Structure formats: C-alpha cells, structure tokens
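Letters A, B, C, D and E mark the chains as written, and numbering starts fresh at 1 in each.
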Amino acid sequence: MKTTSAGLTARQIYEQKARRKSVAVATLSTVVVMVLIVILLPMTPGWDRVRSSFFDWDILAKTFPSLLSAFRWDVAIFLWCTPAIAFLGLFIALCRDARAPALFPLRVFGVLYTDIFRGVPVILIVFLIGFGVPGLGLQRPWNSPYIWGSLALILTYSAYVAEIFRAGIESVHESQRAAAKSLGLSHSDIMRFVVLPQAIRRVVPANMNMLVALQKDVALLSFIGPVELLRQAGVHKSLLANFTPYVGAAIIFLAVTIPVTRFADYLIAKQNKARS
Amino acid sequence: MKTTSAGLTARQIYEQKARRKSVAVATLSTVVVMVLIVILLPMTPGWDRVRSSFFDWDILAKTFPSLLSAFRWDVAIFLWCTPAIAFLGLFIALCRDARAPALFPLRVFGVLYTDIFRGVPVILIVFLIGFGVPGLGLQRPWNSPYIWGSLALILTYSAYVAEIFRAGIESVHESQRAAAKSLGLSHSDIMRFVVLPQAIRRVVPANMNMLVALQKDVALLSFIGPVELLRQAGVHKSLLANFTPYVGAAIIFLAVTIPVTRFADYLIAKQNKARS
Amino acid sequence: DTHCAAGKTLSPDVLTIATGNPAYYPWVMDDDPTSGAGFESAVAYEVAKRMGFEKDAVVWTRATFDQSIQPGAKEFDVNLQQFSITEDREKVVDFSEPYYSAAMAVLVRQPTIDGGATAELASLKDLKWGVMAGTTALETVNSAIAPADTPLLYDDNVNVVEAMKANQIDAALFDLPTALYLSAVVLDDGALLGQFAADRSENPDQFGILMEEGSPLKACVDEALSAMKDDGTLAAIEAEWLQETTGVPLIK
Amino acid sequence: MSILRLSNVTKSFGPTEVLRGIDLDVNEGEMICLIGASGSGKSTLLRTINLLEPIDEGEIRFEGHDISLPGVAPQPIRRKIGLVFQSFNLFPHMTAVENVLLAPSRVFKRSRKDLLPDVTQLFERFNLRDRMNAYPDQLSGGQQQRVAIVRALAMQPKIMLFDEVTSALDPELVSEVLETLLKLKAQNMTMILATHEMGFAREAADRVCVLDGGKIIETGTPDQIFNAPRTKRAKEFLASVL
Amino acid sequence: MSILRLSNVTKSFGPTEVLRGIDLDVNEGEMICLIGASGSGKSTLLRTINLLEPIDEGEIRFEGHDISLPGVAPQPIRRKIGLVFQSFNLFPHMTAVENVLLAPSRVFKRSRKDLLPDVTQLFERFNLRDRMNAYPDQLSGGQQQRVAIVRALAMQPKIMLFDEVTSALDPELVSEVLETLLKLKAQNMTMILATHEMGFAREAADRVCVLDGGKIIETGTPDQIFNAPRTKRAKEFLASVL
C-alpha cells in the first residue's frame, strides 16, 4: 500500500468511503422510519381524539408557565431532602457495619430499617407518614404535609442510599484495610481516612441514579396535598378535562432527568473502564 | 501455649470466653434498648392516639382478609408483566448494542426509549397510557385498565431492565469477545453463545431488585381504576378514617419484598466475592 | 366584637375557608371561590357573614379531599367540598349541620342507554361501575346496586369520566349536581340514567361543613346554618345555583 | 516456505504510534519468539495478525493473500490463525469440552457428536482427558491455558499465536504449559510467541525478535540475540530481565 | 540478637491447616527469604506476624514479648512491624506524600508540618523526591511499591515484612524495587521476604527458608539451599522454578 498524494493511505481512503457509505445508509434508514411514523400514525382511526386529548398545543402553551412555577416546589423539596438523605443513609450504613458487641442493637436497627423502608412502596410511606403523623395532634406549622411528606421521602431513600454506601464500603478491597491496619491505624481512622473516602467516591454514580429517582418521586407528595408539578398538572387536567398538562409535566421531568441520568451513566462507564 | 486436657488450646479457651462475653453484652444491650422502647413509648403523650390511629387490632383483623384478596391482583399483574419486561428489556438492550449502519434507527430508538421511560415518573406513564391509549377507540375487553396499566409498567420497567442488561453485556470482558472472534465465530454467534449467557447470569441480582421495585409499583395501577392492595387499603382508610389498613398493606408488601430483597443482596454479595 | 366566632379562628378577624383543588362546577364557578358564584361559594360567604366576617374578612385556601378528612390539626377554619357526613368520619373531624341533601345520580354515556340500560336495579347490576374512591358513593353502589363486577375506583371526577370515555366503565355514581355538570359539560354524549332520591333512608348523603375535631367554631357555624334554613336563604341559594332535578327518573 | 509475511505494518491508537513499520517473514513450521519491554507492541502485533485490530499501513500476507486489505472478511482468516491470550481465555459458563466444541460446531456446521472423537483425541494428546467436563474455574491456571490451546487447535489452524500465555501463572504451573508448546513445535506447528520467559525463548525458539517502541530492532537466532545483541536498546533490555 | 522468635505457630482456616508448626528465629539486621510453592503459607505467615491473622497455637515473641497472646492490643505492635504487599498497597485517593504522612500523623499525633522534613528525606533517599505529589495511578508499579516501602519506613519499624513485592510488576520494573531492598539491607534493617525471585534470594538473603504445606521443610544459607537441597520436596520445587 502506498501513501497517495493527498497524504492518505489507500486504506484510509477506503475507510473514509466506507464511513460515508454507512452514514448515508444510517441517514436513509432513519428518514424512512421517521416518514413512516409521520405518515402512518395520523392515519389511525383515533388519532384526532388522542391528539386533542394529549397533544393540544394551545393548552400546553397556556398551562406550561404554571407547571414550571409548580416545579419549583419539586426542586425545593428535592433540595432540602438530599442532604438529609445523604447524612441519614451514611449513618445507617455505618450502623450496619458496626462490629462491637455492645453496638448489636444498632446493627439490628440498621437491618430492620433498610428492610422496612426498601420493602414498602414509597407512596404507602408517604400516605402513612404524611397523613398519619400530623394526624396525631401536631399543631401548625408542625403538621405541614411538606415536612412529613419530605420525611417520608427521606426515610425511604436513605434506606436505599444506605445500601449503596454499604456496597461502596464493602467494595473497598480488603487489602486496603489490611494495609491501613498494618500501619497501626485505629478502626475509626481506617474507616474515616481510608475506607470512606474511597467508598463514597465509588458510589457517586449509583447515588446520582437515586437522585433521579428521588426527583421523580417528589411528585408523589402531591397525593398528600402539596401543589407541585404533578398536582398542578392534575388540576389543569381536571379543569380542562385534557391530558396535555401531563405531557407538559413529562417534558419538564425529562429536561431534568435525562441529563442527570446520562451523566450518571457516563460516570459508571468511566468507572467500569478504569476498573477493568 | 499448651493444649489443655479438654483438647482446647489456651487461646481457644480465651476466645470462647471472649465470644461468650460479647454475646452477653450484645444480648444485654439489645434487651435494654427493647425495654426502654416498650416502657417509654407508651408513656409519650400521643401514644394512645398513635395506637388507635395506626395499630387498631380490630380494624386490622376486619380489613386484612379483603386486603389479602386485593393483593391477588398485584400478584397477577406482576406475574404477567415480568416475562414481557424481560423480553422487551433484552430486545432494547440489543437495539442499543446494534452496530451495523442500517440499524442506526434501532440504536436511536433504543436510546430515546430508555431516556424517556427512565426519565418520566411511572405514575405519569400510567396515566398517559392507561387512559390515553384506550381513548383511541378500543372496544372492550381490549381497553381494560389492567391491560394498558400493565403496558405502562412494562414499558417503564423494560427501560430500566434494558440498561441492566446493557451493563451486563458490557461487563463481559472484552477479551471474551476477542477470544470468540479469534476462533472465527460470527457476531451473532458471539452474542448468543458467549456474551449473553454470561451477561444474563451476572445481572440476575440487579434484576431481582427491579422485580421488587415492580412489585411495589404495581400499586400505582390503582390510580386508573384497578382495586388492588393499595387502593383497597385507601378505601378502608377513607371510610374508617384510620390508618391501620395502610399498615396492613405495608405488612403484606414486606412479607413479599423482604425475602426477595434479601435473596438479591445475598446473590450480589456472592458475586462480588467471586469476582474479587 | 360580639359575634360568636371572635378569637376562635386560625388568624384573628379572618375566616379561612377551604375548598377543593380544583373546585368544580356548580359548587364553585370557574374554580374561583372568591367570586361568590356557585352553590358552596355562596353558602360559604353567607355563613361567614352571619358569623361576623364580611366578604373581605374571608380568606380561601385549598385542601385535597383526603387531606381534609385526616385526623389532626387543619390549615383552615371551615371546609366545604361536598363532604358526606358519616359516623366514622365524625370520630376524627367535626361536621356542621347538613347544608345540602344530595340525591345520587347514575351517569352514563348514550351508547349504554342505546345498549338497553334502564333505571332499574336489575339493569344496573350488569353495568361496569366506576366510583370516586374514598367517597360514600362506593357504599351506595355496593349496598344498593351490588353490581356483578367489582367497581373500579378513581381519585377524582375527571379520572372517572376519562375511564368512561375510554369505555372502561359504563356507569358512575355522583351527587346529582356533579352528575348533571359532568353529563352536560365534560362528556359529549353523557346522560343521567336515574337517581336515588335525596330523602332516601338508606345511605342518605348529606353534605356538611367540615371542621377540625373539637372546633370551637362548630356552634357558630351551626347557628348560622339553621338561621339560613329558617329564613329561606339556603333554599334561595340552592335554587339559584343548582338545577331543578325532578327531570331525572327515580331508580326502581 | 513463507506462510506469513508482514511488511511495513503500522498501527496507531489515536496519537500513539504502537507499531512503526514491522517487517516479519514466518516460514512454515518455524517458532518465533517476540521479546521486548512492556508496551513495546508485542500484543498489538499478534492482534493485528489475527485481524482483531485493523492496521493503518503496510500489508499482511497470509498464504499468499493480503489479508489486511480493507473489505476482506475476517472470520474465514481467523479460523486458520489460532490465538491464545495471557488470561480470560476460556468461556467460564462452558465446560472445557464445550469450550472446544463451540467454534467448530458453529463454523463448520458439524454436529457435536461428529466432532467429539477428534476433540477427545486432542484432549488426550494434551493430558486433559479427565478434565474435559470440568468448568474453567475448576481447572488450574496451567490446565486452563492448555484447554485454550486445545480449543484453538480444534479449528485446525495453520499458525498459532501465543500472547504471554504463562505470565499470569504461578511459577510451578509455567512448565506444563511450556511443555505443551514444545509438543506443538515437535508436530511442526508454525508459532509466534510473545513471551517474558527468556529461558524458554533461548532454548526453543528458531528465531527471536526484539521489539522496542513498535519496531523490531533486532532479529536472529537465540544465540545471536542473547549472547551478542548488537543494538544498545536490546542490550539494555536483556540486562534488565536476565 | 533475636528480635523475633516464632515457635510452633499453627493456623487453620476452617478445616484447612495453613501453618503447621512454624519455628523461626530472626536476628536483628538479618534478611530472611521465604520461598515455596503457591499456597504453601508464605503470605499467611507474614500476616500472622503482623497480627492481621490470629494464630491458633504457638507463640510469636517480638522484642521478648509474646505478641500472639490473646488480648494484646495489636495497633502498637503493628507500628513496629512494617508490611508491604504484592499490590493494592497505596491508598489511591491520596498522593504519595499523603499516603506516607497519614499513619505517623494519626498514630503519633504529630502535625504534618512537623513530619514533613523527615518524610521528604525518606523520599529523597529512595529517589522519589519528584514523585511526592503524584497519585498512585500516576506512578509506575515499581514506584508504587517503593512508596509503599517508604510509607512503612515512616513508622520507624523494627522489622520489615515483604510479601512478593515484585510479582505484580513488569519484568523491567522488578530491579528497581529489588535495589531498594538491597539499600535497606545495607542500612541493617531486619527483613523477611516472601519471594519468587530466586536469583535475588540467592544473592541477597542471609538465610533462606523453604515452605511446603505450612511447614518450613528446610532452612539454610542460600548456598546450601540452592546448591544442595536436602529434602526431596525442596529439590522438586527448586527444579520447577529454576
């Protein structure tokens, strides 16, 4: 094979051609599929009805601003729940890792806690705590559904986050602990300086995915009162008897969750690559 | 150190003592904590109210049979969704892995699919599909909320399961593919005989966790009509103005989810151990 | 200040009234309770006035149905949202005297009537029913009609109607004014198949104003309501906002 | 007679040039050892011959045809060129015999029953008869590598490539694998080995090539290379490992 | 003078006896090499000396005290006994100097500023001065192992244990680590090495112990062991690795 005048080898030229060809094929097949969808879908019998029920542009335009402003509640609830979840999750993870016999009740507590809160649907916890606890006779403002609904989310998610942290702690190779021990470091120093910093770093992507799930589950608070995005969409739906506001809500969720999910996927892929 | 007459070394005797001591300490501390809970809790001012609101034995006994019978719907929905999710999830995972240029639309479809269905709250998908599609003019029995609600779950969960499968496929070490390639096997044979069998085995625990999540999210179908466990508990709650039926529902969920979660955790731990 | 509610409200000199989110026609017109238009809105302002709160001393808030009938402290002084008075609920919240006795009406779509459904219990048994969960309508369906298929349950009116549009259910039971509104406005081909009269002895459905358990306002509200009944104001409001309902056949 | 001829083979990963003009002529029945520091390009070279990596420039002639030409279907070539890696060779979900049977049964479309006698004989020949039904994790590292060699042989390759097949093994297990290689040599198999086992290269190789920075800086008989290296880099490398 | 004396050290993992009565006497300034097949118990022996594994029977006397007695606090002992593993030694989230500073700053409660001059000197001594602020993954394998050695030395141990510190390294990197060990020997550090590097053991060890099945089957000067092994197992083992 000789280098040609353009500075490209015959192979590179061939590959360029092949690449151009495959781009062309890909474009063509994509266009064909798109055209089929765009032409065929409106030909289905119920299309008009579905379009006006789910994709009514005027309704979307009219309701979108209020949806956006309701979404601020989701964001706010999310923001105050996240640190609490991280903190509580780490605490529970450490409970489950406690080894001294006197701490046995802590370990049992950790196990029960994660079992219960991972085992019951979030929505049930939201109902139980969000409706139930304020019903015990708390006075305003301490009976706010924002407080107790958020607590329900915090309790549930910290159980998942605790398990993630625990997996992180266990994923730190035994020989790291052995190396730290062999230097004469104490148990707590080993956990604090050697194990946790590595564990927490490793579980960042998994925790990002939990954040996405949390962001979506904030919507469940709407069932106990707070007028956040989902409830606002539901109100519009009820008044307009049209489901387009739900589509608007879905768009808002996607705008937040896709980038974060993607970023988490990217981090996980990077980590897997670094590990292999 | 000498072996004693009982056949135990001094060290073993010491360790036996230490073990006995730590069991004693653990038991003692657990008992103390339990006693504190049992004695102190009923002394709190709101205890009577909590007990009658959440733990009313009569109400539990009265409502539990109907809760159990509603739970059969959860089980049934779960059972017919699971195979569909596994199948669709694997298909989407393979779509995302498609490499030929003519399959580019499939790849795009796979990406869009997982992004959308992982990004929107399940409850929204349930509303949109459960009410929307039957609205196209389907006749009974094809417009049943059981069918379309299940489809909503299937679509959502297969997006997650697809990502799990994809992670499994990617976790198969590159050199396994290389070894298969070097033997002259074709692309599809490599996927079928070498990659997938390993990938699927590896993601069993992760998929078990998805099953637990699915079992819990079946409850969301109640929002479009079906009277399953959560709805049945809600009805009792509204009419009796008492939260005990929710506690009953939580107990039923826990009875199913804890064993499965535990089993999945055990499998994951075993896998991690085998890998390190 | 001499009126009986003085000092008993959440915020001094202001009466906080809750309604649903959204609030439905004809109980509140255009989801705007402050207009005084709509039956419950009008009743609320009248009751408030008789308790010593002029129009500008009334503040509206919103609360979901479930949220309102939970035990515990409330975010409102009084709440009108078509709450049916029941014994179980009386244990955890307080209700005023009834301000409306609701007939319950069966909402269907025209094709169901064309399919042969009539206002007779036997015919109703074979329909597929949908009901709002958590309301007393469910008990009425189960006890009075006892349908062959278990009813499907929904969280709000529009979901019931949507299921009806999707042909997932044939019939739904609502209080008559709501049913009239849904059939006339929300459904293209809605119709009322029949009604259970308001003065029925079994499962009577009477709406009360809801207050926190042990609310000191209950006496004042009751006093205002009975005065309104006595001087015919309540009947006048009802006549103004709620349609004549005699056109709907009674269920046999 | 030359079975494989590389001329001016060049390969970059992005900006890093990994192979910088490799010329190599392999005769039938010859055993060639590639030695060189880590990162010098030994593995990459073997992978390009097996068409696992496309090359940028140059040509690879196998049985007279330029198999590096773009558009050449790789599968039929790969069957004739066996490749055994350092580790992760066997498919862990299949027994030894299933590992060996997979490729011939799929590629030649022959039934496993048909294939079994030949394959059993191969296992026999390499003293693995009694391990045929074991799963990879029930085999020692040395046994695993020998099964990998059997698997490649079952495709009846014309040439075998070995990429540091002993370097992941415990020292006591190295010799059994090296003996297997000697057995293959005795049967006149053409072989290219990338190896760190200098002792073995010295004793067994027909020719030794020293790679450095993606180039063959020296090639010759083991005697020439180990006793009288000509280039400075080769001298340094040999000093560091001997 | 004896600094470490093991008598009849016995250790099982469940049903498998891993150490079966080890007797070993280590004098100050001595360098002892443990050799033996994989699984013979070399690593376990070193780990028991560092109190990472409790023993079942026997005693371990360090500076005259039986440190294997149940109830002895392990931390103060471990400080005085440095241990370097085959790999995964360094804490990957800390730079080289942070790795080295962690233990002395926490254990001796001295400020990092206080410690820095001494530590810098250690880095200097082992030619790592310019790599002090690199993270482990920015270091070559050989550099990593040398930092691990520096980290152990920063605790001013009385004795250093090395567990196959070169076996995960590329061949060209082995020599720099072995040179470091020679440097330590020149400074009269007491050392026990488990190693597969027979050449090094032969040249550098004061004494070589051959382990087999959890027992020291032979011990003597390198000359005795490598040229005239007495036991049959030792002969076999040496034949397989030389």
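A few remarks follow.
Assume a residue touches a chain if its C-beta (ideal position, glycine included) is under 8 Å from a C-beta of that chain, and two chains touch if they have at least 3 such contacts.
For reference, the UniProt names are A, B = Amino acid ABC transporter membrane protein, PAAT family; D, E = Amino acid ABC transporter ATP-binding protein, PAAT family.
Keep in mind that what you see is a predicted model, and the values were worked out from it rather than measured.
If you take chain C and chain E together, the chains in touch with both are A, B. Taking the definition of touch as given, a chain qualifies here only if it contacts chain A and chain D alike; those chains are B, E.
Between chain A and chain B, two chains of identical sequence, the interface residue sets overlap for the most part, with shared numbers making up over half of the total. Spacing of chain B relative to chain C, judged by their CA centroids, is 40 angstrom. Centre-to-centre spacing of chain A and chain B amounts to 16 Å, using the average Cα coordinate of each chain. Centre-to-centre, using mean CA coordinates, chain C is 83 Å away from chain D. For this pair, chain B with chain E, the centres built from the Cα atoms lie 47 Å apart. Looking at chain A, one finds that residues 131, 135-137, 173, 243 touch two or more other chains. Shown for chain C are the residues that touch two or more other chains, namely 66, 70-71, 92, 162. You'll find the chains touch as A-B, A-C, A-D, A-E, B-C, B-D, B-E, D-E.
Residues 37-38, 170-172, 175, 196, 237, 240-241 of chain D are the ones that touch chain E when the two sit in their complex. Within the complex, the chain B residues that touch chain E are 1, 3, 9-12, 14-15, 18.
Of all residues in chain E, those touching chain A in their complex are 47, 50, 52, 74-79, 81-83, 85, 87-93, 102-103, 106-107, 148, 151-152, 155. Interface residues of chain B facing chain C in the complex, by the touch rule stated above, are 49, 53, 131, 134-135, 138-140, 143-145, 222-227, 231, 234-235, 237-241. Across the interface of their complex, chain A is touched by residues 54-59, 68, 70-71 of chain D.
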